[in-house]
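Two complexes come next, and they have one chain in common, subunit A, joined by subunit B in the first and subunit C in the second.
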Partner chain A sequence: MRTRFRQSLDELKEKLLIMAGFSEQAIQRSIEAYRTRDESLVELVRRTESAVNRLEREIDAAALDLLATEQPMAVDLRFILSVIRINADLERVGDLAVNIALRAREMNSFADINLPVDIPRMGTLAAAMVRKSLDAFIDGDAALAESVLLLDAEVDQINRAAFRSLSELIKRDPETTPQALNAIMIARNLERVGDHATNIAEDVIFWVRGRDVRHNVSAAA
Partner chain B sequence: MRTRFRQSLDELKEKLLIMAGFSEQAIQRSIEAYRTRDESLVELVRRTESAVNRLEREIDAAALDLLATEQPMAVDLRFILSVIRINADLERVGDLAVNIALRAREMNSFADINLPVDIPRMGTLAAAMVRKSLDAFIDGDAALAESVLLLDAEVDQINRAAFRSLSELIKRDPETTPQALNAIMIARNLERVGDHATNIAEDVIFWVRGRDVRHNVSAAA
Partner chain C sequence: MRSVSISWLVFSLLLVVAAAAMMTGMYTSGAGFGAKFAAFACLVLAVCMALAVLRWRLRSESTIFEELVATAGVGPSPSPEFGSLPRRLAQREDEAATRLAQTDESRHQLEVLLEGMQDGVLGVDAAGRVQWTNTQMTRLLETHGLGGAVRLGRSVTHTLRDPVLLAAVHQAVENGKPVEVRSPTLLPNRIFDVNAAPLPGGGAVVVLHDVTRTEAVERTQREFVANVSHELRTPLTSIIGYVETMLDTEPLQTHAREYMETVLKNATRMSRLTEDLLVLARVEDADRSLRMEPVGADELLQEALLLAEAAAFGEQALFQIDRTTSVNVLADEHAVGQVLGNLMENAAKYGGRSSDERARVVLGAVLTPNGAAVQFSVRDFGAGIALEHQERIFERFYRVDKARSRESGGTGLGLAIARHLIEEQGGKLRVASTLGEGSTFSFTLPVASPGLTAIG
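After this line comes the complex of A and B, so read on.
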């Protein structure tokens, strides 16, 4: 009986990892769509999102089922609750990837100008945050989870700098408005990906240490 | 024993309602800060957020405690899981209210110009969505929860129209860039408040009907 329960927990973890892989890939592809202007990638990101949504429901159902039938205690209970929360965060990361891909496609209607923001770098950081937070989850590594909280500050800072420099560009050269606005929105979406990875990292710390670290780090505006 | 459990569930509901009241009020005050340019409201919204964060932790701890000690089944289990999810959504609504208030304050450094977006109306709609979704939760009213999903489409539509008209304004009159960009960000934050209210409404439907309605309505870009 208990062995079956442990196996179910492993399967739940496995599914969540697949979900995380999809979400991370969706972010990478959406940034690739921005970088290369390849519209076929936009379609791919949208298809991934459907898969992510299906998986989210499956994981939630499995977690609920375990809670109802096994009445887990202490660390197992915290693990399952973390899965439920992380699952919701990963699903939103998938949504954000779609937003980014659609913005990237919209930019293809306008001239390919040089913008004062390094979206690919920001995307790499955000995707790394998602991966690291999940690695921390797999290994129950609270120290790794804490490193994600530091990366979040960096992504926030790039986002704020991008907002400033892109606003100035618009003021200086209003013809760039559509491109600059889309870039502002993409940077904002990446900043939110970072926030979700931060949520996941905080859940890992909660799961491992059993203490709540939320609101100890300052929120991004 | 069971009576004590029922009482604990009622207390949990009570706390969540207080949390919802704070979040709704924070949104209203942030919009008031935008409308009246009264900076004292910005401070008030920030103070409310601290209270919201404290309450979030209290509610989570109480819900976790109930799960661990009572091992609730079926409808009670779904209720407690809904509380955990709704709690997280309300906390983010509080964060968004702070974002809006800070943007409103930033706008005070610039001329008070006429902008082609009705932020107060959007704010009223978004706050109503939060209230209705919580009313639906109190009464276990799935039909009321469904009406929230319809309001969300309206808020999304206003947000898209605002983005278009404000971008055009910037292009036409680049001097308006700071005000227009801040208005775009406030509209975007209100659209996200609507998304959180939608999440809550979906959780109510899940709790009452035991079926998952997520991803049946189209996501906002």
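After this line comes the complex of A and C, so read on.
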């Protein structure tokens, strides 16, 4: 009986990681769509989104089933609750990837100008946060999860700097408004990807240590 | 023998018991010394007999055992039929040791090979768990995967989550078919060719080959060719235009006219070459998509035939349509027309037995035996192509006979373009040829499923 329960937990974890793969791929492609101005990538990101949505429903159903039929306790209960929350975060990451891709496509209809923001770097950082938080989830590594919480500050800071320099650019050269506005939106979406990675990391800490560290970074660090 | 000894044993034991009983009786009844001594002597005799029988029996059993050992050939006097056994056993042992050493050695070689590879390798079992890996794989993950690690004994998803890779592994493990895909999302900013091959005992080997550099070089090259061709075409158009006008309107001296005609001929050839280069650059650009629609196989052949007869090379050959099917194939009509036109032009140019003889070219379109595709063929009865050239003719600018190609005005790009166009439509362009008998170029296109109107 318990062995079957263990197996169900493993399967749930496997499903969540497959879904994570799709979300991570979507983020990577959306950044690539911005960098290369390749519109075919936008379509691919949108297609991935529907796969992500389907997986989200499947994982939720499987997790709720386990809660109802097995009535897990302590660490197992926390694990399933974390899966449900991480699932929602990953689905949002997929949505944000679509937003970024659509903004990137919109930018293609305007001149390719030099913007004072390094979107690819920010994207790599946000994607790395997601990846690290998932690695922490795979190994149940609370210490690694804590390191993700620290990275978030860096992404936030780049986002604020991007906002400042891009709004200055708009003031100085109103012609660049469409490009600059889209870049602001993309930076903001990436910052939110970072936030979701932080959520995932917090869920891992909750699962492993049974401690709620949300909205309280210093307690975790 | 045994039963005799047993009865002797029983007999002597009875004797012992009787003697003992007698003695007990005599001592209790107060018999005389003589009778007591006789009874005691009887008891001693009976015990001695019993011991003798026991000893003899034990001895006879050990003799049997010794005989057995001797017969098996292990003992001091081996019987002839088992005599070679020890030697053979020793020989087998030696062989086993040698084989073990060989296995160890080849295992070691494989390990060295695996470690020396520039590609990342993962061994996955039938349940999708990573069983082994090489150093390069770990290094790849450390360098680009931001400190990720290969997690042995656990599902692949615990190491890599790229959907393209997972799909390939799944297909190789579940369907037992090798898969080759390109993934630009495996690791950040890298492009990988993923090869997943099934293992005979279940599971699969996954090889990750980094093609980021190659891809970048190829892209630059394609863009360069496209740009240069475009730049070359513009001045050529005006050269050709002015020469043609001059030839048409200006009164020229004979040799001046000859020179102008040579200029026109070569400028036209150059123009064709740049045109082909542009087409090649376009077909090699993965972003371009073909318009795939259901179209009758026989229609494609008829259309190609009409165009060929109207073209300049139409004069050089006699075209016939052999067997055709009216089944609909899923194809880009324009692209197939281009391929057929190219194959027919080649057949017309090189398919004649001599340069003045008109070549005979036979076209065909038949359903493949499984009914899933239609095989198109263009056959000539010319000199044929030697085996060593057969694969290379599909390379860009490869010529079997340089002088002849120059004379015929070919650019050396036609078959490269044709192969690309067919592969993009999910088919394969092949050649079968025998020297002195002619060549057949053939390609397959998938049959359009009924009810399918168009695919983007």
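Descriptive notes on the structure:
Keep this in mind: the second predicted complex is superposed on the first by the 217 of 221 C-alpha atoms of A that agree within 3 Å, B and C clash if a C-alpha of one lies under 4 Å from a C-alpha of the other, contacts with A are read in each partner's own complex, and residues count from 1 in each chain.
Here is the rule we go by: a residue touches a chain if its C-beta (ideal position, glycine included) is under 8 Å from a C-beta of that chain, and two chains touch if they have at least 3 such contacts.
Since this is a predicted model, take the numbers as computed values, not measurements.
Of the two partner chains, neither subunit B nor subunit C is touched by A:165.
Within the superposed three-chain model, A:38 lies in touch with subunit C and out of touch with subunit B [touch as defined at top]. In the superposed pair of complexes, A:84 makes contact with subunit B only, with no contact to subunit C. Applying the stated contact rule after C-alpha superposition, one finds that A:124 touches subunit C and leaves subunit B untouched. Looking at the shared chain after the overlay, A:8 reaches neither subunit B nor subunit C. Comparing subunit B with subunit C, the partner in contact with more residues of subunit A is B.
Those residues of subunit C that touch subunit A in the complex are listed here as 145-148, 151, 155, 157-158, 161-164, 166, 184-185, 188-189, 287.
Listing the residues of subunit B that touch subunit A in their complex gives 53, 56-57, 60-61, 64, 67-68, 71, 73-74, 77-78, 81, 84-85, 88, 95, 98-99, 102, 163, 167, 170-172, 174-175, 177-178, 181, 184-185, 188, 212, 214-215, 219, 221. Of all residues in subunit A, those touching subunit C in their complex are 14, 17-18, 20-22, 24-25, 28-29, 32, 38, 40, 48, 51, 124, 127-128, 131-132, 134-135, 138-139.
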